[in-house]
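Everything below concerns the one structure shown next.
Chain naming follows the written order as A, B, C and D, and within any one chain the residues start at number 1.
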Amino acid sequence: MRDLVEIGMGRTARQAFDLDDVEIVPSRRTRSSKVVSTAWQIDAYRFGLPMVTHPTDAIVSPANAIAIGKLGGLGVLNAEGLWARHSNVDEALGRVLRVAENLEEPSSLVRELQELHAAPLRSELIAEAIKTVRDAGVTVAARVSPQHAAELTPDLLAAGVEILVVQGTIVSAEHVSQDDEPPLNLKDFIAELDVPVVVGGVSDYRTAMHLMRTGAAGVIVGHGYTAGVTSTDRVLGIGVPMATAIIDAAAARRDYLDETGGRYVHVLADGGVTCSGELAKAIACGADAVMLGAPLAAASDAPGKGLYWTSAAAHPSLPRSRIAAGPDIEVDLETLLFGPSSDPDGVVNLFGALRRAMAKTGYSDLKEFQKVGLTVRG
Amino acid sequence: MRDLVEIGMGRTARQAFDLDDVEIVPSRRTRSSKVVSTAWQIDAYRFGLPMVTHPTDAIVSPANAIAIGKLGGLGVLNAEGLWARHSNVDEALGRVLRVAENLEEPSSLVRELQELHAAPLRSELIAEAIKTVRDAGVTVAARVSPQHAAELTPDLLAAGVEILVVQGTIVSAEHVSQDDEPPLNLKDFIAELDVPVVVGGVSDYRTAMHLMRTGAAGVIVGHGYTAGVTSTDRVLGIGVPMATAIIDAAAARRDYLDETGGRYVHVLADGGVTCSGELAKAIACGADAVMLGAPLAAASDAPGKGLYWTSAAAHPSLPRSRIAAGPDIEVDLETLLFGPSSDPDGVVNLFGALRRAMAKTGYSDLKEFQKVGLTVRG
Amino acid sequence: MRDLVEIGMGRTARQAFDLDDVEIVPSRRTRSSKVVSTAWQIDAYRFGLPMVTHPTDAIVSPANAIAIGKLGGLGVLNAEGLWARHSNVDEALGRVLRVAENLEEPSSLVRELQELHAAPLRSELIAEAIKTVRDAGVTVAARVSPQHAAELTPDLLAAGVEILVVQGTIVSAEHVSQDDEPPLNLKDFIAELDVPVVVGGVSDYRTAMHLMRTGAAGVIVGHGYTAGVTSTDRVLGIGVPMATAIIDAAAARRDYLDETGGRYVHVLADGGVTCSGELAKAIACGADAVMLGAPLAAASDAPGKGLYWTSAAAHPSLPRSRIAAGPDIEVDLETLLFGPSSDPDGVVNLFGALRRAMAKTGYSDLKEFQKVGLTVRG
Amino acid sequence: MRDLVEIGMGRTARQAFDLDDVEIVPSRRTRSSKVVSTAWQIDAYRFGLPMVTHPTDAIVSPANAIAIGKLGGLGVLNAEGLWARHSNVDEALGRVLRVAENLEEPSSLVRELQELHAAPLRSELIAEAIKTVRDAGVTVAARVSPQHAAELTPDLLAAGVEILVVQGTIVSAEHVSQDDEPPLNLKDFIAELDVPVVVGGVSDYRTAMHLMRTGAAGVIVGHGYTAGVTSTDRVLGIGVPMATAIIDAAAARRDYLDETGGRYVHVLADGGVTCSGELAKAIACGADAVMLGAPLAAASDAPGKGLYWTSAAAHPSLPRSRIAAGPDIEVDLETLLFGPSSDPDGVVNLFGALRRAMAKTGYSDLKEFQKVGLTVRG
């Protein structure tokens, strides 16, 4: 039943599909959008939208995290990004924007970001950002890399983080390293925490299963691949066709649920979503929520002023993300999420579109919609 | 025999094909084009061409509906469009054209159309349009959305509509809704009418079968997808590869014919046709008639003066169609349909080309031509 | 073993491949190009190259037919083209070139050609052209359409034609027509002639087999499809993926050889060849010779001065060919065919490249090279 | 298990894949990049990097060969290139660069190169180049064509060559030729030499196996295909989808190892690598080392000053390589290989990226990494 393709003598490969390779097929009674729910809950936290942000300064400032929270989503602050290194982030972002305005080449933009990230981490800065969000009454989340998780987490918890995101390009349950770089044992790390932890990214069933066994509340699939922005495939040879990756992680979720007799680990899809149609497809493939990046950069009130990059853009020696401009649409975040829209290409009214996709295919909640039929292009 | 592809662990999808993925294969005696018939009949109405228009103001005014009828096709007035809302449609269309001339962005054009559609429906206006067409002695058809079908139909019938088209992006035989939005039971609705009803769109066998069981005379496959114009795939994740969708609906037609011992429900293909070759392929896949849109916008006497949009372009909160310019060819409608042509790309002499495709493959009528052999690109 | 794909419920299609979908695989001892022969013989006529021209005025004038013949190929005069209608063809072609220089749109060019072809056929003109070629001592061939074959052939034979080409877009052994258009029975027609007849185009095994049974010496596969020039797919829905079409016709050749106990009918590939690599692939798929069109238009001494069109470009009501400029390379015909080349893209030294492809894969004659291994892109 | 596709009646073809058709799938514990080794050894020669250069003057001068050697790779001088024909190579290259600056067409650049290669081979020149490299203390390698191998090799050995590369587009163990062109019997040729010999290119299992049986230390797969530069597919019809070609050659390596009870012949991949991700994929498919070309031309200190061509570009009658500009990145060779990088597209820090790809997928040496899982695009 596994469709293996012989790609050479004695070597087979699975076929893998991207979100834009698949189509949703309506085949049931239609419903009114009004009877559709997009509610999502992870651990004790309940959200109106199945939306978590990619942890990039291009879309998440404390102010934006608050706005996102009030609209029903979860903004994730990058605890190793600009808000953790600079007291005046507006000025720092301004430097990137000026380079972009001068139409300089991709590497100049990356270099600017690398320089800004060469400033040391200051725990009091990110703590203040976290408190700002928490004080506004919305759920507060922050991301750390696996390398710095052990070191940075205590301060984040002290500052009031409610959901911890441990995220790198590829994360495994165990990391092999030399003496000067202590490995992170995720299982031990998570066991000691009182807050739910979301970890990733992964791109296959097996690693997803291992991460689920660490006690994580959620597993991230993918690493924020977005057309024109991230290029992990060109840099590392590791591309993640998201439709297949999400489906595989959902299979791990199902098997782990069976193995544990009922522990449900959420699957968050990070990448491949550039429009509302692909957002719907990510859920249709089995994602519990979508980690949105580039689409949110189009909001007129986004910190990056229309520019987008992933958290891998600032790596000091091997950056894996361009800094690119998104669609120029001049709507605020609320309109971006809920409309109304005059845009015919699926970049405005993202969740109105999701509701309508669910309604037109006859599903009333996200969990049900994960079973909708799909076709692939022949 | 069903070709299922494993797109991830435990999840399969059918392969689906678009019209431009397939090719017609000649394999019989050739015929003279003169011995080929393109006649089509639905209910008591007989047409020289298997052509119904997409119900958009960009191509159908009362005057154009008359011209189309006299040339052998069926023009469908949009009973919820500009002719139902504005007493001076020329002026209204002029506003859209002016925005287009100023080269403004897609959303500005959509916004203009949304504003024009915010004007209230006035039943006397569409009634007058219908009478104008009927008085000219051609078959008159009008389109309503499922939401407004019950409300608007009585006036349309009173005005003399002969064929009713109930059309939304995705239509099912039963619609689930809340109290404030009464569901349309298509079976009951159709049973009470004396005129033939065409309903859609659908994209799969099962929904097509359900719609056939409502008593419809015809079922529409697709939702007017045209390259560069409609983007339901980007907005809702619902793309409809038309070759497969038409073949599946034709399978439903065959099974329903068997189930009922002889009731033949017509399959109308709405989308994927940008040239005469694709028109021929739509029939070759099993369509009884083609719902033409963008190709007709190229006529010099089209109301949209070369611009094209589908009826989904004016949706107030979630538009799913660009407003785009078609090929600039400067021929009138009659030449567009019957030639002669100096255009080498299949946009002029649409039905002369269909006749020739049938002749070259040795078929003399449309029903036979539905069986012609096809290949797919490897 | 037949790879059928389900393209919809109850409908299957064969996969078909174009020349640029396949690759030749070297897997034997290499040879020196010097020990390779590209000789080809049809009926009593022997050629140094497996090359026949597409019968278009863009590449074949009497002078060019002589030059082609002296270099080892066979030029085919279009007996229904400009040389059969105008006493001053240079002036006629000049009109087309002037329209092209003014950068007018495709349909203007086609219209010019249509007007030039509206002039009546004059048998004395084409007779003179044929005699000119024959007097130069090279084999002389001319093309007629199936519609005019019976009427025009006697004069062509009287003028000295040695190989007759009966060519339309799609030709079948029997053509069904009305009384005012007498059908051509190819079998009877060919039986009465003393010269070898080449007929086509066909695109499938069955029609190829039927044409072989008419007594034809050669069957043409395809209808001159060339990227950017011919658009039979867009106009009629009939595209011919040439790799599969050639292989199928070669299968018919094999089966007909068996059926007749030894009559070998040549397969000529007309289309899909834009460079020397595709020329080699056409032979590798089983063609005995290639009907070259667009690549020859690049010669500095071609009548079309770099413009190319197929014989279907001038159809009065349904043209199926653009008039397009080829590569601008400034070499004469001899260099185009035999080099030397400074062009890295396979448009110069066409037959030097074929020899080298045969040598590198270890084959010494064309018939053997038809068995070389192929891969397809996965 | 062999996936054969029917491409026409009675003719099948294997599916073949390029490096950019496949993706590496992480599915094990991750590692620190610091515990990863990229060491490679062939015969007695040990290298820090699995990198050999394509033997083109665009990237290898004696000075660059020394620099490459000191950084851990192996530069291969083209013993039939400019360094073997001109005493002032800088001036010769300057002529090519001037033509390029004047934006002349591809064939003008090729013509310039052809003229430069029309100068006679002078053994004292290449001997001097070899000695220069050897005196610097790095391993010295030079390439000869199969045609001139017998004639040129003695002088190269006398000059101190340590690894001999016998390379043509397609090389077989035996070459059939006429009397005036004595064949090279590779087995006899290699048996008489004391230095390890690397031979190629090949594109299939069988030819690879035959070359391994000649006693070669390494076999080259491919012929330097690089997007935009080489066009052997267009010229000869012989394209080499590199993922499949490398896998097949690795299968030959395995079978030959078994057949000989332990002789390990290295597989060098020459082509298809334009970025670090594809470099990683080449190893992942089974290559022991990669023959790098175009990516090295981007170094600010490359002899071609950013231009790139393969050794087939200067063929006097049938060139098969464009001369093209690579990415404009302004970093030196060391940074190109080891970073740090501000480039997000995989063209800088090529081997830092390889280490990271190995680390992220959990492998610690190249031989192990050849087993990493792969997917193909569906």
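Everything below uses one rule, namely that a contact is a pair of C-beta atoms (placed from the backbone, for glycine too) under 8 Å apart; a residue touches a chain by one contact, two chains touch by 3 or more.
Predicted model, so just to flag it, every value in this text is computed and none were measured.
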Chains touching chain A and chain B alike, please list them. C, D
Over half shared numbers or under half: where do the identical copies chain B and chain C land at their interface, same or different? different
Remotest chain, chain A as reference, centres from CA atoms: C
Quick one: how far do you have to rotate chain C to sit on chain D, C-alpha fit, nearest 5 degrees? 90
With residue numbering as the guide, point to the option in B-D, A-C or A-B that repeats A-D in over half of the contact pairs. A-B
Please report how many Å separate the Cα centroid of chain B from that of chain C, as a whole number. 39
Indicate the whole-number Å distance between the mean C-alpha point of chain B and the mean C-alpha point of chain D. 56
Please output the residue numbers of chain A that touch at least 2 other chains, ranges allowed. 5, 7, 14-15, 17, 21, 244, 376, 378
In the complex of these two chains, what residues of chain B are touching chain A? 5-11, 13-18, 21, 106-108, 110-111, 114, 169-178, 181, 202-204, 206-207, 231-241, 244, 313, 316-322, 376
Report the residues of chain B in contact with chain D in the complex, numbered from low to high. 5, 7, 378
Name, in rising order, each residue of chain C that touches chain D in their complex. 1-3, 15, 17, 21-32, 34-35, 205, 243-248, 250-251, 254, 275-281, 284-286, 329, 339-346, 348-349, 352-353, 356-357, 360-362, 373-378
